[in-house]
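Take a look at the structures below.
In what comes next, chain A is part of two complexes: it sits with chain B in the first one and with chain C in the second one.
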Partner chain A sequence: MKYIQVLKLGPILFLTIPENLNDALAQSLEEALLEQQALTKADAIVIDISSLEIIDSFMARVISETANASSLMDAKVIIVGMSPVATITLLELGMRMEHIETALDLEAALDKLGYALVKTKKTIHPLDSLTEPNKK
Partner chain B sequence: MISINIVDEDDIIYARSEARRVAEEKGFSLMNKTRLATAVSELARNIYRYADDGMVQIEPISEDGVKVGIRCRFIDNGPGIKDIHQVMTDGFSTEKSLGYGLPGAKRLSDEFSISSEVGKGTSIEIIKWK
Partner chain C sequence: MNHSTLATFSNDFLYSIYEQVPVGIIITNDNGVIEDTNKFLCVTMGYEKSELIGQNVEFLIPERFRHAHIKLRNDYLKQPTNRKMGQNKELYAIAKNGSEVPIQANLTTINENASLKVIITLNDISIKKEDDKKLKALNNELVEISTPILEAWDRIAIIPIIGTLDTERARLLMENTLTQMQKERYLVTILDITGLAAIDTSVAHHLLKLTEAIRLMGGLAIITGVSPEIAKTIVRLGVNLGDLKTSSTLSRGIKYAIASLENN
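Coming up: the complex of A and B.
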C-alpha cells in the first residue's frame, strides 16, 4: 500500500493523487484528507492530479467525491495539474466534472484562493540591539 | 497476442498499461494511446465489477498491410447484459452509480462491438487505429 501524504502550508492542504489508485487506496486517501482537514482547520484544499496519465470514470469519481467531501467540510477545493490529453479523454468518456474548480498550476490555484507568493527577506538582528530597549 | 486475466484491481492497471505499451510500440500518438488505455481501463473494470472472472486480450492488427491498429477483446463469464441498448445509452451509468462506461469506451474507440447472453457472459471487441 502506498503512503499518502497530506502537506500543509498555512491554511492550505496539498494532496497528490497517486497513479494507479485502487478502491481501497482511494478510500484511505479521502479519509486522510478529511482527518487532516478537521485537525488543521484548513480552509482550502489543493488536489494535484498531474501524475495521472489517464483519468477513467473510476478516477474521475474519486476526484469529484474527494473534492465534494472536502467542500462539505467547508473548504474551497481546487484541482491542479489536469493534462490536455486527460481533459479531452475525460470529456469523450462523458464525464463532465461540473462542480469541480480547477487551476492550471499551483500558482494559479493560490491566486484563486486569494493567496500570493511573497518572498520576505529574513533580517537578523544583532544580540545587543535586542537588549537595547532595556538599557536606558 | 497478450492475454490478461482480470481477477483483482491490479489486473485492470496491468491491462491498461499493456495496451498503452503496445500502442507506444506501434507508434500511436499520445492522444490515441491515452484513448485506448482509458477504454481498456473502463472495460476491464466492468469485468472486475460484474463478472467473477474474465480476460482481456490485446493484439496489434494491420489492414491491407498499411493500416495499423490494436484490437482488444474483453471476455467474461459474468451475468450478461439483459438490455444492451440500455447500457449503451449515455447517462444510464457511469457518473452516478457503478460502472458500465460502455458509451464512453465506445466513443474512445474507432470500432466497437458487443455481444452478450444472460447467464453466459459478455464479449466486447474494440479497435483503435493508429
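Coming up: the complex of A and C.
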C-alpha cells in the first residue's frame, strides 16, 4: 500500500508529509520523491509539512535530508506550512535549516517559484446562465 | 541593649513579650505535642489556648500534608537546626474557622529541663501572597500591552519592541508572533527596536532567534529602528546577523517590505 502521494503540476512536484510519519514511512517518502523527480525532471519541489503539529529531531532530519537530496538533483525545494510549535521546537533543538527555503503556504511557495494562479476562461455558474439572458 | 539590662526585666515582662510579640509561637515536645502557644497565635488563628495544648502539631496542618509532616518532623529532630520550615514550599495553617492561612514558619530547638523543645514561629503571609498575585497579574498585563502586533499593510506586520527583552518576554513574543503570523498569513514581519532599552548578547540572541523562526515559517523578517548606539553595540559584540535585513527607520523598513512583496 502506498502512503506517499507525490503530485505533479507542470514542472512542480507537491509532496505532503502525512501526519503519522514513522521510520519506515520516512524512508519511502524520500525514495518516492526522488524517484518521481528523476522521472519527471521537475524543476521545483514543494514539501507541505502543515500536518505535523510537532516535530522531533528525527522528522527534522528526514525533511532536511530529503530536501538536500532533491537540491542535489537540481530542483528548488520549498518547505511550506511549518506550525509555530514545530518552529519553536526546531530552534530549541538547534536545527536551523539554514539552507532550506520556506514559505508560509502553498500560494506563497508558488509565488516564490514565479507562478501565480491566472484564470484563463470565464467560468459560468449554473445559476448565472439562467439569469444572464434576461439581463441582456 | 546589653545583657545586664535584659537581666533586670521582670519575668512578667518577658512573658508579656512572649504572649504579645506579633509572631505566632508554638512550643512542642520532641513527639510533636503542643505544650504551649502564645496569645498572638491564638488570637490571629481564632483558637483558645486550651484547644491547642496537648494536640499534635498536625492539628494545625491541612489534612493532605499531615502524613508527610510526621516524617519531616522526625527527620528534623535527628538534625535540629535553626531553619525555615519547608524550603521553597507553600505552607498553610488551619484557622479555627476551617480556612487555610498561607504562612511562613521558622524552626529552632531549646533544651529545657533535659528535654528537647521545638520552637515554631509562624507569620501570616496572606497579604504578601495577595500582593504577589497582583504583581504577577500586572506583569502579565504589561507583557501583553508591551508587544502588540500591528497590521501595517496587506500581509505586513509591525511589532514594536519596547523596554527590555528578557528570556520570558522573548518566549511570549515568539509565541504570539508565530501564532499571529500563521493566523493572519503575514508575509513580512517588521521588528521595530526603536524603543528597546539596551542591547547585549542575550537580547541580540533573542532577536536573532525570532527572525530565524519567522524565516522557518516562510516569512521575511526585517529589523528596523537600529539607532547608532545599537548599531555600534551589535558590531562590537561581534553578532553575526547573516543576511538579515535591517534599517535605521521604520519607514524605510515598510518601503522595503512593500517592495519585496511587489517583486515576488
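Throughout what follows, the second predicted complex is superposed on the first by the 119 of 136 C-alpha atoms of A that agree within 3 Å, B and C clash if a C-alpha of one lies under 4 Å from a C-alpha of the other, contacts with A are read in each partner's own complex, and residues count from 1 in each chain.
To be clear about the criterion, a contact is a pair of C-beta atoms (placed from the backbone, for glycine too) under 8 Å apart; a residue touches a chain by one contact, two chains touch by 3 or more.
Only a predicted model underlies this, so the values are computations on that prediction, with no experimental measurement involved.
Residue contacts after overlaying the shared chain place A:82 against chain C, while chain B stays out of touching range.
In the superposed model, A:102 lies in contact with chain C only, and not with chain B. Of the two partner chains placed by superposition, A:39 touches none, neither chain B nor chain C. Once chain A of one complex is fitted onto chain A of the other, the partner contacts of A:112 are limited to chain C, with no touch recorded for chain B. By the touch criterion defined above, A:9 lies against neither chain B nor chain C after alignment on the C-alpha atoms of chain A. Taken together, the two complexes place residues 88, 96 of chain A in contact with chain B and also with chain C. Against chain A, the residues of chain C that register as touching in their complex are 174-175, 178-179, 181-182, 185-187, 209, 212-213, 215-219, 264. Residue ranges of chain B in contact with chain A, taken from their complex: 9-10, 13, 16, 20, 30-31, 34-35, 37-38, 41-42, 45, 90, 94-95, 99, 101, 103-105, 107-108.
Here chain A touches chain B in the complex through residues 20, 22-23, 53-58, 60-61, 85-86, 88-89, 92-96, going by the rule given at the top.
Note for the complex: chain A touches chain C at residues 79-84, 87-88, 90-91, 96-97, 102-105, 108-109, 111-112.
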